[in-house]
Structure formats: structure tokens, C-alpha cells
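Before I ask anything, here is the structure I am working with.
A, B, C and D label the chains in the order they appear, each numbered from 1.
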Amino acid sequence: MKEQKGFSKQGFMNTLGATLESICRGKCEIILSYDSKLTQQHGLFHGGVIAAIADNSAGFAAYSLMEENYQPLSIEFKINFLSTAKGEKLKAKAEVLNAGKRIFHVRSDVFLLNEDQEQLVASALATIKATRTVSEL
Amino acid sequence: MKEQKGFSKQGFMNTLGATLESICRGKCEIILSYDSKLTQQHGLFHGGVIAAIADNSAGFAAYSLMEENYQPLSIEFKINFLSTAKGEKLKAKAEVLNAGKRIFHVRSDVFLLNEDQEQLVASALATIKATRTVSEL
Amino acid sequence: MKEQKGFSKQGFMNTLGATLESICRGKCEIILSYDSKLTQQHGLFHGGVIAAIADNSAGFAAYSLMEENYQPLSIEFKINFLSTAKGEKLKAKAEVLNAGKRIFHVRSDVFLLNEDQEQLVASALATIKATRTVSEL
Amino acid sequence: MKEQKGFSKQGFMNTLGATLESICRGKCEIILSYDSKLTQQHGLFHGGVIAAIADNSAGFAAYSLMEENYQPLSIEFKINFLSTAKGEKLKAKAEVLNAGKRIFHVRSDVFLLNEDQEQLVASALATIKATRTVSEL
């Protein structure tokens, strides 16, 4: 699967301990577990970690809809942090809102998972571009 | 210095290999060096890394203007990726555009450093809140 | 009703021909009809019109949850335009994602209405502040 | 001049009383004067008005760099409102940060003009697409 292959090549996702939980047409979920290497000054998940999986899940959700030989590149994203994030795991759930020929608009919500509860802790909107080669951006 | 102390407590900045390069009233610079653990699928800096130091430099730029006993929390940020980022180092430069009593609007630009050249690779706008305690968010 | 009263004082909403369609705890809908005074160069709804009702519905959705004597002020918002908007009416639907003491995170989607069909044409995320007086911002 | 021609076709800019003050390669300024039809509930400039000229100046700044037969379409934008806006005029100043083949990243700042003073009241980041036809979006 091209998505799993691409994901496993991302050194940064490995650094975060993030895994591609699920992917299907236009949707993607990424999960990671709490680790002290992912924290801000109070020992909570760092906003940069939350943003990274929000952005990345958006990219892969778009990737799942791209033609062969095209790859996702983030043009931009925006994220609102609804609350601080203290817990065991984070799950980013992305869904493509609109798929153009080359431009994809994607919503990505990030949830904190504690035992069986999910709490929405961040919401993002991203614009992803399908690019044939990296230099094409 | 409260900023350096706060920065050094962020496990995630240590994971990124990021350092607080400079901080003065309303401005902050963060630098990090290329490492394969910070990459996306093509071996370039991952957008999540770029976003993390953009956001964090914004937070510390605001922190430098906060009253005693207040700490920065990101309410939200948005980042545009102007080009892919291949190079030796990244430098995020943040500057507070407006400092309210509790709300700070901050611009943060991220540059790619190669030898003596600086190239703007991303631009962000962030909203930072001064909070007395984390739970206050 | 404080919301209807506040809305009717907004000269700009009157200029747009926008009406407060519904408002209840944390949710708000604003509608406007097509008019040649609201267009961009191709005779479609101008992005600025779409953004204005997205932002305003977010503000009023937050307003509905505010304590007495507090009023909404937009700190910032971001909007993605999913497609061009050609049609009879626009409807902005906002929903508060998280209500803090003073800070409200709100999602606002804008739909194009043609006969009985609704098409999502834009999606926004906004941060709204509860302020006692305007000068307090 | 294609830019002036396109601008004058925008019914909404006429409704706002906005004029294309200047345009040159990658830069654009739009000005409008205070009018009670442009207000929020306290008689100040409505955020939607500020956003509309921020977005539009970004679009025209990008337009000035586009090849013949291409027109600007806003993919998305984000705006931070630094302070409330009470004054005689608003001026939006946009500048292209990066011009790709089809994607343009643009910064747009909005100033309040009172007599000879300029005050930054909002800052925006926009992504503009060059499109051959509207339906191509």
C-alpha cells in the first residue's frame, strides 16, 4: 500500500512513535502514545506534536485519493487547540472535505484517548497539493 | 531566565534538537539542525518540525512580554509552507505584532539556513494566551 | 433576544442582506441571498462575503454562550474555499467546539443553497473572545 | 490594465466603496473609507470588511504575477485581528511571499488610517491559485 510505504519512510513519524492506524478513500487516522520526549514544559503533549499528526493525517487522507505517481505536499494548515492534552494517546482523524484535481481541502480533528474516552483537543484545516515531484511544489 | 528555563523543560524541543537561539522583548529565535529523524518521505524537513518551531518561537516571543507568574499557551496557529525545506538548519524568527493583556498576536517566519544564505520557507501567524495555570486554558 | 438585537445593529450585515436565521446554545445560522452587489469578477459570490458570514455566525454562536454583559469579538479566523459559489443563497452554520471562560473555538461551514440542495462551499475555524467592553480587546 | 479591469468588475468591492490604490509586481494596496454600512454592532469597521480587503488585496497581488489568461482564486486565508478598528480609512497592503507556478503565498496587512497615522489592525496569510477558468478550481 503506497500510503503505508510513504508513512514508514517519514523519519519524523518514527521519532514521534506515530503509527498509521487506518486509511481509506479520503480518510486517515494516526495514533501515538504519550512519551516524555513529546512534552511541553508541564509534561503535557506539546502543541507541535498535536499539529504534526493533524497535518500528516490530512496529507495521507488526501494521498489516498490521488492518482498514481502523485504525492501529497502540505501547502498550509491551521490548528486550534481546544484544551491542553494530558493523557495516554492521541488520535488524529482526517477527512477530505473537497478533492480537486490537484488541491485537497482536509479537516483533521485530534482526540485525546484515555481508557475508553475520546476528547476532542484540537481541530485543523489543511490544504494539500498533489505533486508529481517534490521540486514541483 | 524564565524563557530558557521553560524551554529546557520541553521534552519535545530536546527531541527535535532545537535550541533557544535568542530572546528579547517580543522576539524569539529557535534553531535546529538537520537530522534524519526529522524528515518526511523524501528526506527533507517534515512540515510538522517546521510548524513546531514556528509555534514554539511564537509562544516564547509572547512569553518574554508576559507578567510574572504567567505562562504561554498556544490558542491556535496557521502556517504556510512556501517551499520544501532541504538544508542544514532551520531558524524560526517570531515577533509579537500586538500584545494585549492576555492575548498575543505573533508572526513567525521560518528560514532554511545553508552556509551563509537564509531562505524563507514558511510563514506563520499564532495566537498565544497568557495563563496563570495550565488548567486555566 | 440579545443576539438578534446585536445582529440588527451591524450595518454590514444589513448591507449584505444577511439575516440571523437561527440561534441556540452554541449554534448559529446566517442566511443571505444572491445579489449582484455581492459578487467577484465572474458574478459569483465574493469570497469576502462568504468569509464575513462565516466569521459572524461564529461570533454569534459564541455570543449565545456568553455571560451577561459580555460581547463577542473575533480574535482571528481561517477559511478554506472548497469551490466557487454560484447559486441563490448562502447559509453559514456555526458551532462552538469548545467554550472556555473567555475564549471560544468555533467551526463554521458555509453552504450554497440551490432549490432543495445544500453544497458545502467553505469551512472556517474561528477564535472568539468574550469581552466586557470593546476597548478591552 | 487587467488588474484594474478585474477589480472594477467586482460588485462587492463597489459595495464596500473600495478602490485599487496601487498594484505592481507582487504587491497590491486597497483602500476604503468609513461608512455606517460597513460596521459591526459598536459602529466600528466590521471584521468581515477587514477580511474582505485583506483577501482581495492578496488575490490581486498574486494576479499581478500571473501569466496571461490566468485569474486569481482564493484557496484559503487566515486573518488575525490585532485590535478593533475605529477610524477614517482602511488600507490593505499585500505582498507575495512566494510565487509558484500555480500557487501563490501572500501576506496581507491591514492598517487603519487616521490623519497621517497608520496603525496595523489585522494581519493575514492567503493562498491564491492561478486558474485558467473559474470552473477549473
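Details
The rule we apply is simple: a contact is a pair of C-beta atoms (placed from the backbone, for glycine too) under 8 Å apart; a residue touches a chain by one contact, two chains touch by 3 or more.
From a predicted model like this one, the values you see are computed outputs, not experimental measurements.
Seen from the C-alpha centroid of subunit A, the farthest chain centroid is that of D.
By residue number, over half of the touching pairs seen at B-C are also found at A-D, the match among B-D, A-D or A-C. Distance from the subunit A centre to the subunit D centre is 31 Å, each centre being the mean of its Cα atoms.
Chain centres here are Cα means. That of subunit A falls 28 Å from that of subunit C. Measuring from the averaged C-alpha position of subunit C to that of subunit D gives a distance of 19 Å. Residues of subunit D found to touch two or more other chains are 75-76, 78, 80, 83, 105, 125, 127, 137.
On subunit D, the positions that touch subunit A within their shared complex are 75-76, 78, 100-103, 105, 125, 127, 129, 136-137.
Residue ranges on subunit D touching subunit B, taken from their complex, read 78, 80, 82-83, 97-98, 105, 107, 120, 123-125, 127.
Interface residues of subunit C facing subunit D in the complex, by the touch rule stated above, are 6-7, 9-16, 35-44, 46-49, 51-53, 55-56, 59, 71, 73-81, 83-84, 134-135, 137.
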